[in-house]
Every structure is written in C-alpha cells, then in structure tokens.
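Just below sit the structures, each encoded as structure tokens.
Two complexes come next, and they have one chain in common, chain A, joined by chain B in the first and chain C in the second.
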Partner chain A sequence: MNATAVPASRPPNLWVQVWEIPLGRAGIILLGIVLVLSLVGPVVFPFNPKDITSTAADILQPPSSMHWLGTDELGRDVFRETLVGARLSLLVGLLATAISITLGSIIGLLAGYYRGAVGITLMRVTDFFLVLPLLPLIIILAAIFGQSFSITIMVIGLTSWPSTARIVRSQVISLRERQFIERIRSLGATDLRVIAVHILPNVLPLIYANTVLVIAGSILSEATLAFLGLGDPVRVSWGTMLHFGFVAGAAGRGAWWYLLPPGLGIVLVVLGFTLAGHTLDQLLNPRLREF
Partner chain B sequence: MNPALLSIKDLKVYFELRQGLPLPWREPDVVKAIDGVTFDILEGEVLALVGESGCGKTTIGKTLLRLIEPKAGIIQYRDQDLAHLKGVSLRAMRQKMQLIFQDPYESLDSRQSVFDILAEPLVIHQRVTQKKDLQACVFEALESTGLHPAAEIAQRYPHHLSGGQRQRVAIAAAMILEPEFIVADEPVSMLDVSVRAGILQLMLALRHQKNLTYLFITHDLSLAWVIADRIMVLYLGKVIEIGPSDRLIHAGTHPYTQALVSVIPSPIPDRSREQIILKGETPSPVHVPEGCRFHPRCWKFQRLGSPKECLTQEPDLRQVAEGHLAACHFLD
Partner chain C sequence: MLRFGLVLKKAVQVIITLFAVITFNFLLFRVLPGDPIRLIARAGNLSPEAISRLRDLFGLDKPLVTQYFYYLRNLFTGEFGMSYTYRRPVIDILQERIANTVILLAAATVIVVLIGVAAGVIAAARRGSKTDQSLVVTSLVFWSLPTFWTGLILVILLGVYVKAFPVSGITTPGASFDSSFARLLDLGKHLVLPTITLAIVDMGQFMLITRSTLVDVLTEDYILTGKAKGLPFRRVLWGHAVPNALLPIITTTALYVSLVIGGAIQVETVFSWPGMGRLMYDAVLRRDYPILEASFLFLAATVILANFLSDIMYMVIDPRVKEA
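Here is the complex of A and B:
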C-alpha cells in the first residue's frame, strides 16, 4: 500500500516547468553541455597526467593545431586537462552536496518538529556550524589528515549544511501547526511516521531547489580551496589547474590559455546551477511563489 | 442518567508567553487558557461546549485528546487517567478518541488520495494487514458516510471534492477506527449552509449506529440547543454554567448565558423580548479580572450596583436544579 501517492493533477514534470522559463532553460542548457563534455570529453580526448615533456620548448605554449588550448607548465595539453578537470569539480560538488543536504534536511526536520530542548540544541549546533569558517578548518584538517579529495568533500559538506537546515526548519515549523498534521497525530501516528510520510514530502520541493543551489556553492568552494593549494595535489580539478597555473606564473607570462579554460568552466557551471536553482526555487518555494 | 465516559477534574492549561531573556526576576506572562474546569461527559451523550472565541473551547477539546499538554488536573477516561498517559499506551488510547476539525480544507493532507487518508489510521494501528480487507474497510467507511460510489471517490484527492464531501471524508477517517468518543470542533461552521444539515444528520446518525459520545464545540448556541443533550458554557477558561439543553436555554441562570440566549435569532421576531447586548471585549486571559471573571461585562453586576462579592470572590459552580450548575453569586 502506498500512503504517499502523488496527486493526480500535479504538473507532470518539474524540469519541464523550469524549461519553460528562459533563465531556467539557459541553466539547463549550460549544465547539459558541461555534463556531456565532462563525461564524453576525456573518452574522446584522453588525458595522461604523466605525459610530461622533456623539452623546455613545449612548456606553456600558446594554442596551436597540436594543442588546441596550448600547454601547461609541464607541457601537457590544457584542452584535455580541462575536460578531465571538469569531472573532479563536478564530483566534489555533488558528493559534498549529498552530505550537506542529507545533514541539513535531517537536522532541519528534527529541529522544526521537536521544539523545546531538542530543537533549541539542534539550532545552536546549526549556528555553530554556520559561523565555522571554511578556510581555517580545511587548513587544520589538511595538516592533520593530509590533503585529499575526501577531506575536501567532507569539509565542504560539513560547512554548508546549516543554510539548508534553517530553510527546512522554518518550513517544518509552519507545517507542524497545520491541521492535517494535528489530525494525523491525533490518530496515534508515531513522530517518525508524521515526519517521514507527511512532513518530508511537503518540504521535499524546497530541499530539491536548495540542492541545486548548494551544488553551485560547493563547486565554487572546491575551486577556492584547490586554488589556495589545499586540494588533492595528485588529481586534476579546475581549482588545482588554476593553482598550478598561478604558481607557475602563467598570469605573469601572459599564458591566458592555461587560466581561462578552468576559470570559464567554473563560471559557467556555477552559473548553470544557480540559474536552474533559482528557477526551481521560484517554482517551489512557497514564499517566493507568485499567485 | 448514564455513567460518565470522561471525568475531568480541575483541568488547567497554561501557555507561557515568551518575552525576551528568561531573567529570574521577570515573571513570564501566562495565558490561563483553561483555568480549572471540572465536568463529566456522559456515555452516549452529545455535550455542547459553547462560548465566545478565545474562551478556550478548542483548547479543552484538544487537551482531552492530549494534543495539548495539560498543566494540571485529571482526565479520567473510564478507568484510565489520560492526562498522564505516555508513549504506546497513549497511542493505543487514541484509537478510542477522534477529532473532527472545523476546516475540511486544512485538515486533510492534500498529497494523499482519499483512499490513503482513510487507510492510514488502519495502517497506523495495524488493524488490517491484508490489502483486500483494507480496501473493503475503506469502501465501507466511505459508503457509510454517504460518499458514493466509494471506488471512484477513493481515487480522488481532497481538492477534487467539495467542502461537504471533504468533511464527510474527515468524518469517515475519524470513524474508521470505531472510536467511542469524538471531539467535533465547529464541524459545520466553515461549510455552506446548504450542506450543514446533511453533515449534522450524518454525525447524529453515526452516533446512534455506533453508540458514540460527542463533545461538540460551537459558538452557535442555537445549534447547540438543537443537537446537544447538555450544554456547557465557557467563559475565559472557566465553566460558568452547565445543564440540560432545554433547561439551559429556557431557564439559564447565569447572566452570561442569559445574555447569549437573549440574542439567539428567532424565526418569529418578538419586540417584547429583551436583548441583552454585552459590552466590551472578552478580557485578555493573561490578566483575568479579580473576583468573578465576568463582572466587568456583567449586566446584573451593574444593575445590582456593583456588589462587593463579585469584585473579590470567584464564584463556584452551584447546583441550581438536578444536573444544572451555574457559577454566579446572584443566581435567579
């Protein structure tokens, strides 16, 4: 038996609705292009990080027919590097978001549903994480555990959930006072059932819209951390490309082809997620909905 | 007279108003929503709870169902004290008591189909395990509340239904666990006048079929008169008069009741009937007036020239006649 069927008259597909709005459509197109390039690109144009040149003449060369986007400070092809870098940037963004949204939703649901001691404690914890600065935290953790891809994901995930928790909580607080929730409670439903079957489906749209925005933020955070040299040094992401390019003096030597592709990549992906996210938010967030 | 199904003794429900820092020298304002009420609900009766908005009618109903925590008092349900039940035993007791809300647009989860709304109570209490039986139970409940054809209605969602139909669904959902006691909180006041009678007839028919006891909360004294066996009048969180419906309407003794009765619209306008219009608003339950809480608005208090008792002493419920109690120092 399915206790949470989808209402029959609900609009069929949310993404179709986003597509109808020009900004949302631009976001989806951008994301589609980046996703296809990051998935298919490295298969068609494989990148070997160990393919280091032995002659100084290949270092930081401008774009040519051999290297479409020139070469980096080790003589590797920037075009291929950019395609591979997209994968890690997206992956870190998605995994960190998974942590962030899971934590944020659970804590938001509990803090909103249980007022009193439990709710207050959870919100104080949330406030603590809200003011936890990203940079010092990752510097310390990197110093303790070494720089790695999983530490980056963890730190971004752990510092970005509070906003989700706050948004979810405020929605749950208004939901739990609704009569249908009171009626379900008076039927003798357990708290778990009330939250999972009746409250969660009602805040899911909000979580959904928030997820897309958090992905954009996470990708940006990853790029920031990697640019500062706190990323995983053995894996290529857009952030590490910017870092190594900067360290190698690409900016000073006018090697724009090394910095522009990863920089543009970050801008376009973040823009894509933000456009799609804001459009979703507008469609789903009851406070922004215009009727 | 039937034995009591519920015996409420000195029930109090207070809400603390939060105001800034909880400093030790700052006493928090307390809303005394229910300020010590004692009454019985007899088995099989319809007890109407009437009073102005804000007097605590809904709070009493929800407290009896333990949706609001009482501050003090006893809610004796047969041989159990509901006020102190917890966890599993409270959830088990919930099967016996159900609530019907005022607003059928708000009380149903718009994401659930009618079938799921009705099946949920059965699933929660694991009454039915077979899918086939579940369907039979749901369809039967729909038919018994006058929703035909059940199979078609069951697939619909609340927004496909009219207000009256929605309220029938809410009633069906409340009845499906075969409760003994129903709190009906203004169940028809949001409905179209044309469907009110149907819903009331349904509720009264179910009462006889299933031997139900109702606490019927309403602000409409004439409605209470029509459907209830007894009426209890509430003022600022206290019972000020309780008695058999007819007696209370025709021979109400408390000045507040008399004022309420005097303004019931009559189909035959009668100029000679004196209408007592109460002045002013209900005082805030944060600052309950000293002495009799009704005295600032009491017409009798003014007519008698502000007697001292009313200002200093809170009147207790006194017996006026068999089963008829009122709380006033100067009963007729």
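Here is the complex of A and C:
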C-alpha cells in the first residue's frame, strides 16, 4: 500500500470501503435516516408556518396525541416543524460547502503549483483568513450584509475555505516534484493541462474527504448563526427554531420538547458527516494510512 | 535557545497581519448599507445643517484614505467610538466585559486541557482497544454538539428540572455577601454550567489531537529503544512519548483560542454571562456596529497574538525549528 499517489484515481468502490468500517457505516446510516426523513417527512406530515394559534393555552404545550412533540411559542406543531427544518439546514450546509470547496481547491492548486509571487501571495491570503476567529467573522459579515438564505450561504462559504486550501496545497507541492509531472511538463503540456489533467485527479481523494467534513462544519455554522438571530427570519431551519425557542424562554420554562428535536437533528447530521468524513480521511489521506 | 533574528521576523509578520486585520475591518464597516449619519442619529428627521455638522465631526466628508488615517490614529489612542445603544465609549464597555470572559475561558481551558490530554494519552497508549474506540467515538459525538444547544439542554436539566445551579448571570441579583468567600462561592456556582458546556464541547477536539500526535510519536525509534532496554511501558509513555507529543499540542492550543472564542460567544449568550460574547450578541440584535467592530478587532488581535506566542514557545522548546 505504499504506491500512494501514483496516477491512479480513487477506487470506484469508495463508499463500499467506508461501509466496511463500523464508524463509517454508522455515519452512512445516520445520514440515510436524516435524508429520508427530510425528503419524505414534510410530504407525509406537512407543516403550515401560518398555522398560528390565537389562544394562549396552545402555546409551548408538552407532547400530546394531537402534537407528538408539543407546540412552539406560536402554537405550531414541533414535530412537523422539525421535519421541514431539516431541509433548510441541509441545503445551506451543502451549498455553502460547494462554494468553500471550490474556492479552497482552486486556491490550493494554484498556491501549490506556482512557486513564485503567485504562490506566496495566495498562501499569505490563506493564512490571513485562517487566523481570523471564524465565529466573530461570520457574525459581523452577517450583521453587515443582512439576514437572508443566500447571504448565510455566501458568508459561510466564503469564510470556511482556508483549511481546504492548505490541505490541497501541501499535497500539490509533493506531487509537483514527482517524475511523471516533470516528464509531462517537458513534453510541452500547458500549466492548465498539468493542473487539471494530472494533478487534480491525484488530490481529488483528499478534497473528497475534506468536503464531507466541511459539510459538517457548515451545518454547525448555519445553526449557530441562526441561533444568534442572524438567520433568515421567514424560513424554518433547525437553527431558527432554536433561536425563537431561546428568545421565547423555552429553556427557562423547561420546554424540552421544543429545544430537543431540532438540536438532536443537528447533532445526528453533523455526527453522520463527521463519522463518514473521518473514515474517508483514514482511507484516503496517505499520512493517516497506517491506522 | 531562542534565536533573536527569527523572533524578529515573526514579530514583523505579526505586525503586518495586525495591520491587514485593521484595514480589513475598516473597509468592511465602510460598506455598511445606509448613511452612517442616519445610523448614528437613529432618526430620520435631521436638518441639513445638523447632517453636515455631524459629517464634519466624524470626518465623513474627507476622502477614504484620510478617513483611514484618522481611523488608525484613533485606534492607537484607544478611541473606538461611541456605542449606539449604551451611549458610552466602546473602549470602556469592552474593558468591563473582558475580565468576565477571561474568568470563564480560564476555568473551561483548565478542565479541557487536563481531561482532554489525559484521555488522549490513554486512548493512544491502548490504540485499537475497546477503551480507545469508545474514547474516539465519544470525542466525535462531543465535537458534533452545537455549543449553544448543549448549554440550553444543561439549563433545562440542571437548572430547571433539577435546580442544582443558577442558569443566568454572574452573581445572584440583589444578593449581599457578608464575606468575600461567600461572594466567590456565588461566582463559582454561576460558573459551573457555562464551564461544563464549554468543556464538553471542546474536550473532544483536544483528545483527538493528543491521541493522533501521540500515536505518531509512539512509532518513533527511540520508543522502540526504550521498550527494548526493558523500561516499563508507563515510563516510556510518560517519560519519553508524552513530552515529545506536547509540541504539536502547543501549536494546536493556538488554534484552540479561536475555537474557544466562538464557544464563549454562544455560552455567554445562553447563560447571560456579562462578557465579550454576550456583548456581541446584544450588539447584533441592536445592530450596534461600533461595538461589533471593536469586538471583532479585539478578538482577531487576541488570536493573532496567541499564534505568535505559540510560535515563540515552539522555538523555545524545539531548537530545531527554523521555519514554521
């Protein structure tokens, strides 16, 4: 298993390999459950956000046969709200990750491939963003640019790329020195061709494992941002549910049925992606091979 | 030994980074939507004379570069502007809040480092065992917990159902204490839940880092030598492996500062702890931009300096470091 980064692309049965490892299997099962619930759940149990009660007796009620997980601060069904909230949390996580990984990979590839001023400048910029404290940064960005679905995605995506860039860069640097790259270059291949056709396929496994971990981080960031009151106020996500629950004093009233479901949803999704990503990392990261 | 030239080079880098943060901060808050005058005045019906007077007062009629130099001068004289909501200088408010955050973070960090490192050492020493596997899984679960949610659940469990600890603030409101010990005890009680929350969430990360660095170290030749000459494993582990694994752990502690600041914002929000984090949360709700701007600058500078200190410590401990 020593011939790590010879131009062999990733094995086709990667997810099968993850499935073979208990932690990875647990991750895939968790993600499967949440994905099915978020897709099918709201169809079977539709949630009407305007279904607001007019009587105080229906507000923050504990679970009953009517409302399986009780009601929220507006008297709406928490069970149905949790199911539909999954969609936004997952969507924001995936879209923000798409931005983050694309940006991080491109910067990492360029910074690793070009030695001179380009490489150094890109690395300085990466290190600069890496050193900024992430949560305060996304808080001020969201506070400045406003609260909406697309801004949340942009803010998380544009702040979480530096770690990917660093990982990709260090792999590219070691690849660049390999003989096959030298040979291809001496045959007259353009830089773009070398990067896209010969280097990218070899760093793809690493990017792959990193993507899964970044999704976990992005979902946590979305939830935190929404909890702090910087989410899209008109859409339901797990984070906004926890925000409104917190502001309405659900914790002090002991309304566990309102705070437990969305939080557990976050934990299960993030844990699922973390377990899967951790396992992928062990399989694909040459540094960790000996595990 | 510490090499002076290297430290100087690092220091110059830190200063450049700090200037970059200041500039970034300056530009960021200049793209705020809306007229800054209206934000300051918080009223729509100002007379044109009043507007131009305010514009003049804040130097808003000057070109951007001039404004930037005003901004730099103000920073170095400790002038961070007035808070929109408190109507007091931002610097005074920050000073009141920082100590409270430091108390909270210090308490949590001691627990995180002690338990996290111990658990990491145990896991690495018994790599592949049931103990190791359960410690790794526990760490991954802890890592997946949103900090604020963990806090909310602890409030419900230990604050509302079992009334074990206070869930809000830093002292009992309206209480009078007959001794400074009683005052300290009250602070301690208020500290319990926020500290546990932070510790639970950050412990996992610390344990995983300790474990993976120690696993690396345990494959080194000198460990084999130690075992071969008949040292008990306990001595090899604590006498030879752990001290060598400490280096990477120190570097990660610098990254941990950034992580723990994020945690503090969430925990202080949940427990109404009057520190920097709660200040930022309140400032977000009221769009108190001067507070947000200064808080961000302060936190970013803290993280940058923490990184610098860890670099220096690394150099002190490991003289081989030439370029980090």
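In this text, the second predicted complex is superposed on the first by the 264 of 291 C-alpha atoms of A that agree within 3 Å, B and C clash if a C-alpha of one lies under 4 Å from a C-alpha of the other, contacts with A are read in each partner's own complex, and residues count from 1 in each chain.
Convention: contacts are C-beta pairs under 8 Å (C-beta built on N, C-alpha and C of every residue); 3 or more make two chains touch, one makes a residue touch a chain.
Owing to the predicted nature of the structure, the values given are computational and were not obtained by experimental measurement.
**Student:** Kindly classify A:248 by the partners it touches after superposition: chain B alone (first), chain C alone (second), both, or neither?
**Tutor:** Once the two structures are laid over each other on A, A:248 reaches no partner at all.
**Student:** Could you say whether A:216 touches chain B, chain C, both of them, or neither, answering first, second, both or neither?
**Tutor:** Only chain C is touched by A:216; chain B is not.
**Student:** Compare chain B and chain C by how many residues of chain A each one touches, and report the one with more.
**Tutor:** C
**Student:** Identify the partner contact of A:182: answer first if only chain B is touched, second if only chain C is, both if each is, neither if none is.
**Tutor:** first
**Student:** Which partner does A:134 contact after superposing on A: first (chain B), second (chain C), both, neither?
**Tutor:** Touch status of A:134: second partner only.
**Student:** A:202 in the overlay: touching chain B, chain C, both, or neither? Say first, second, both or neither.
**Tutor:** After superposition on chain A, A:202 lies in contact with chain B alone.
**Student:** Looking at the complex, which residues from chain A come into contact with chain C?
**Tutor:** Chain A reaches chain C through residues 23, 128, 131-137, 139-141, 143-144, 146, 216, 220, 223-224, 227-230, 242, 245-246, 251-256, 259-260, 263, 266-267, 270-271, 274-275, 278, 290.
**Student:** Quick one: in the complex, what on chain C touches chain A?
**Tutor:** 17, 20-21, 28-29, 31-33, 136-137, 140-141, 143-149, 152-153, 155-156, 159-161, 167, 219, 257-258, 261-262, 265-266, 269-270, 280-281, 284-285, 287, 289, 292-293, 295-296, 299-300, 302-304, 307
**Student:** Please give the residue numbers of chain A that touch chain B in the complex, ascending.
**Tutor:** Those in contact with chain B are residues 1-9, 178-180, 182-190, 193, 198, 201-202.
**Student:** Spell out the residues on chain B that touch chain A in their complex, using ranges where they run on.
**Tutor:** By the definition above, chain B touches chain A via 62, 65, 67, 90-92, 94-95, 97-99, 101, 103, 106-113, 116, 119-121, 123-125, 131, 134, 155, 157, 159-160, 170, 173, 177.
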